[in-house]
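This report concerns only the one structure given below.
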Amino acid sequence: MAKFFGKILIHIFQLVIAVCLLLPVVLTVTKATLADFFSVLVEEFWFYPKFWFSLGIAAAIGIGSVVVAVLAAVGLKFGRIKHVKGILFVLLLLMMMPLQTTLLPNYIGLRDLSLLDKTEALILPMLASPFAIYLMYQYMDSVPYEGFEAARLETGSVFRILCSVILPQMRACIAAVFVFMFAEGFNMVEQPLYFVKKETLKPLSVLAESLTSANSHLIFAVGILCMIPMLLLYGFYEEELTEGLGHLKA
Amino acid sequence: MKLKFFTKLKLCILPAAAGLLLFYFLPFLKVLYYSVLKGQYQKEFVWLRNYKNVLTNQYFQLACFNTLKLIAICVPLFLLLAILISLLSLYAGRMGRFVRKLSILPLFLPSVSVVAAFLLVFEKVESELPIYSIFLWKYIGMGVVILVAAFSSVEPEIYEAARMDGAGPLTMHAYITLPVCAKPIQFTMILGVVYCFRTFRESYLYYGANYPPDYSYTLQYYMNNQFLKLNYQSMAASSVMITLLLAGFVALCSGRKNGAE
Amino acid sequence: MNYKRLVVFLVFFLLFVGCNKPQEEVIEQKDKTITELSIPGLSSFCVDEAGEFYYYAANGDSTIYKCAMDGTPVAQFLITADVEAPETYGYYGEEPPLSALNFSALCMYGDTLYFFRGLKSSLLELNVTTGESRLVATLDGFHTVLQMAAGEHTLMMPCFTEAGKQFFVYHLDTAVLETVPVERMKNMTHGSGDLYWLNVQDEDGSYYFQEYHADTGKLSEEYASNFTYELSDLVYDDKTDLMYGMLYSAQYVCFHPREPKKVSRFTAQPVYVTPANPQIAGGRLYVPEGDTDKVYHFDTEAYVTWNEPLKGYVTSELSTTEWAGYNIDLEVIDWEELALKVLAEDKDYDFVIMNTDMAEATALRDAMAYLPIPAEVIETYWAECWPCVKQGATYNGDIWMLPLEAYAGGLVYNEQNLNKYGLSIENIKTMPDLCEAAKVLHANGEFGWYNLQPMQGTLLQNYLWKYRNEDTINFDTKEFREILNFLYSERNVNEDYSDAFYRNSYINFGRVERLEEEESLSGAEREASRKRRGAARVFLDETGARDTWSFEKYLGAEGIRVCIVPGMFGEEETVQVSSQFLVLNPNSENKEELLNFVKVMSELYIANPATFLSSNTERYAQDVVMRDVCELFRKGEMVFGWPDGLFTSYYLYAAGQVTDAEEVIKELNRVVNMYYGE
């Protein structure tokens, strides 16, 4: 009896949470009228190029950071590196550094490499992400050492071992890191504002700046449209995501 | 060139190390350098004077206080809520799955679109509540995803054993789930702090001004205003101090976790 | 290798190179005279390629006239080719309007002149050597053709159709008429052969240039520019690869269309109506002034300086109009971007133009992010300018900026009109007195309302100025409360007057009806007469301390005087002077050229009395108004502004949207002290 009652309570709680989560979304949706959607999708020709550009950058960041993180995790775990705990501590610390801290030096760095006002300026700084590396390492910890040992007996090529033994087991984590880095890349605001000046290189996330006051009602429609790729991505990869993040243990 | 196997493995870290060095370490060192100068165009060393100026500035203290308040209130709330939602959603079957999928939604909505909605809901409220709400609403999804994954990967046998010993659901979760998932919980807490710093974006859009009401004036407002006044030295000094503080915080957490083990 | 030989060779090489030291360039003073051609009844004008003769059509007749440059008529061509063509223009009334009867859109290629008659939609051509004319085509549906451009086998015609301004290409060989396949095209001009240059606006509002081969339909790549305003009609000189146009009505621009960011800007002949159909021949630019039957021409070489292009940032493209013809890559930027560049010590720009109204000016100065200007470079300037200008431009012993234009606010009043109602400026010592005077005028049926908006700004500025040397500003004082009460009562108690205008007749200056005598005058004289009549109606014209406004409209009017705007309490207020200024980037890579530029600009601006920089009263018009204005600047002090948004609660209170004065005081105290204290 208590169990039944408990179950109802739990369901009510979930309902309340769902409503709280949905309320602002619904408010946003209601403010976006069909006419807005129409004008964004059909009339305003800036939307599609910006959309695909944002998607492109986010995908590049996702893939790039996965590659970098996998390599780093492999190196850290199997490469017999000393003071791994120290490195992990530093990674955690770097993850917490607020963006404003490094904004100006990054700008100067990019400028001296003459990468400003180019797509690379948006992608490169995000490739080495402490979050991704940390996550990948934690996951890789769950990969048994024996498989690696066995593969090492077969071949001396790191690449082969990577592809045949490690990567298949890391699928979940790779998906997780990709989804998170994709979300980061899609929603970044400060970097495009400061590192890039050309209008064509500014992704959708800095929309507030470029929309004139006449078009401000389009913000809601664009917001909904931005949500869609993320939803799709999350929908497809939810299982992997859950599994990947579950392995955050020592 | 035939490299030894383990050397090759060590080299795998190179891209990550290069990226971190270039975009995190070197910039931090630069910031450290700038923080001991008199001005960007007056390259004299004044060492700790900037730090003293910043620490004794009443608005920096206000900003610190507000930021610490934000972290102290929001992060535990964030953690608590995330644990509750994820745990209970695992019991709620289909609805639970739906809620889990829903919780990630706010994270992907661009801030710009949502701030307007929140402005409507919290129109007359004169406290920091709107900002706390935005923070919780937007980032709870991340906590839920991580914790759900962690909780669902606990071996069910442990629960079986505990149930046979006569433990009720509450005790089971308190003494099994939470300790077993200590690492993910710690990670979620750290994530909470990271996201606390990110709420500056939403807060700025919400108040639309460089000088928000006193209760919402956090460290980033201070830093941003210094930046706009071309006083980079104060900004650099406060950045270095924040980083050191965070280092202490992380060290504390890791230390406690190690101790617990 | 024979090292000895190498060394000898090197030594000789170095000696040889060293010999070619650049000598002091002797700059010929080019002739800057602007010649004026007066053509009564002018409807359309065209110059031949060599610049020897010009052709024009005048009101009402079917003749093309040919004259030599000095005005002596050479030939006349009576065009009869379209006499039999039917009229296609529908008009109401008895006579068709001149704009339809006239030949318009004259343009020339080689020795063929093309033109259009709206009445019959006829496109005509005239061979000036043989004198033969013919009807090329009747273009159905076309009634207004603007500046036309002629190529070898094509013509490009901008026309007004139902869809607005559209561009068409007419192929002379095949008689085919088609539209130009470019959207949002704003302007065009002939390049060479059948190549035309197009000026197109991008989706995000910026302009670019593009080549269009009208015969093949091929488009070139887009050359992006930094222009934020639309250009007038353009003209291209293919001998020098330079394009000329006008930005707004005062600034001429000259640039290579493939590099449209590096622009030479100069002011030569201001025209009141944006010119249509400028032309270039023999290096001289011909600018017909619409509406006045005049054509001005001058030697462009005398106005354009070909220097190493400098890069500058500006907050608004039109804020500065005089550039001494220097080749500048000007870009509009906002403060966040600029702050980043300044803090990062960027080398890629040379100067910034800002206004002392902006709080950011003090930030720039306090951070010492400027290149001090050596006093020798701006000798004449520095010797002549007002003390307040000098004081604002000095910091820590350096001259850190070059003020370009100074502004001061004043109260303009018509003494005679005031006296008519028993008022005298002597008795108007405070702002409340001003309002009382306006009420008296209003009661007598004159324009006596007043506008609260500029008043609230002035009151606040005066209060801030009073306490500028304190550590923080306290708004919790009796004085400030009095100010708030005054604003409240004027808005709520004196309802008749709130939101109305006593800033009266200057807005009528343009709408004053034209009298017949005025009709007979032309251009500048007509303007002057219009102004005089408008000024006669001024009673009180209180202008906020920060508005840019021109005193010229009051010159020559009877009885107009200027004095300091009275403050709230009647004490002697200082005149707060603000200015637009130039700051040099200390990390610039073109320091020499930059200092040259500063020198030229300083001499240009000090010589122009409209900038109010010079204390030499002989430069100004000898007029009572000017003398009064000079007094303002003499008594003035340069003031730097505050950041936006600091005083919103005050303005909301003054606008009536917030009613709690205590709240306003508390909020102001909080925010202003935060700004000071951070």
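As written, the chains take the letters A, B and C, and residue 1 is the first residue of each chain.
FYI, a contact is a pair of C-beta atoms (placed from the backbone, for glycine too) under 8 Å apart; a residue touches a chain by one contact, two chains touch by 3 or more.
As the structure is a prediction and not an experimental result, all values here were calculated from the model.
Engineer: Centre-to-centre on C-alpha atoms, which chain is most distant from chain B?
Structural biologist: The chain farthest from chain B, judged by C-alpha centres, is C.
Engineer: Using the stated contact rule, I'd like to know whether A-C or A-B comes out ahead in C-beta pair count.
Structural biologist: Pair with the higher count of C-beta contacts: A-B.
Engineer: Mind checking the centre-to-centre distance between chain B and chain C? Centres are C-alpha means, answer in whole Å.
Structural biologist: 51
Engineer: How big is the gap, in whole Å, between where the Cα atoms of chain A centre and where those of chain C centre?
Structural biologist: That gives a centre separation of 48 Å.
Engineer: Between chain A and chain B, tell me the centre distance in angstrom, where each centre is the average of that chain's C-alpha atoms.
Structural biologist: Measuring from centre to centre gives 16 Å for this pair.
Engineer: Could you check chain B for residues that touch two or more other chains and list them?
Structural biologist: Residues 227, 232.
Engineer: Which positions in chain A are in touch with at least two other chains?
Structural biologist: Residues 104, 108 of chain A touch two or more partner chains.
Engineer: Note the residues in chain C that touch 2 or more other chains, in rising order.
Structural biologist: Within chain C, residues 336, 343, 345 contact more than one other chain.
Engineer: Where on chain B does chain C make contact in their complex?
Structural biologist: Touching chain C: residues 39-42, 57-60, 209-211, 214, 217, 222, 225-232, 234 of chain B.
Engineer: Under the stated contact criterion, what part of chain B meets chain A in this complex?
Structural biologist: 5-6, 8-20, 22-24, 26-28, 30-31, 34, 84-85, 88-89, 91-92, 95-96, 98-99, 101-114, 116-118, 120-121, 137, 140, 145-146, 148-150, 152-153, 169, 180-181, 183-184, 187, 190, 193-194, 197-198, 200-201, 205, 220, 223-224, 227, 232, 235, 239, 242-243, 246-247, 249-251, 254, 261
Engineer: In their complex, what parts of chain A are in touch with chain C?
Structural biologist: 45-46, 104, 107-108, 111, 193-194, 197, 199, 210
Engineer: In the complex of these two chains, what residues of chain A are touching chain B?
Structural biologist: Touch list, chain A to chain B: 6-7, 10-11, 13-15, 17-18, 20-25, 27-28, 31, 67-69, 71-72, 74-76, 78-81, 89, 92-98, 100-102, 104-106, 108-109, 124-125, 127-128, 130, 133, 138, 152, 156, 158, 183, 186-187, 189-190, 204-205, 207-208, 219-220, 222-224, 226-227, 230-231, 234-235, 238, 241-250.
Engineer: Of all residues in chain C, which touch chain A in the complex?
Structural biologist: Per the stated touch rule, the residues are 203-204, 206, 336-337, 340, 343-346.
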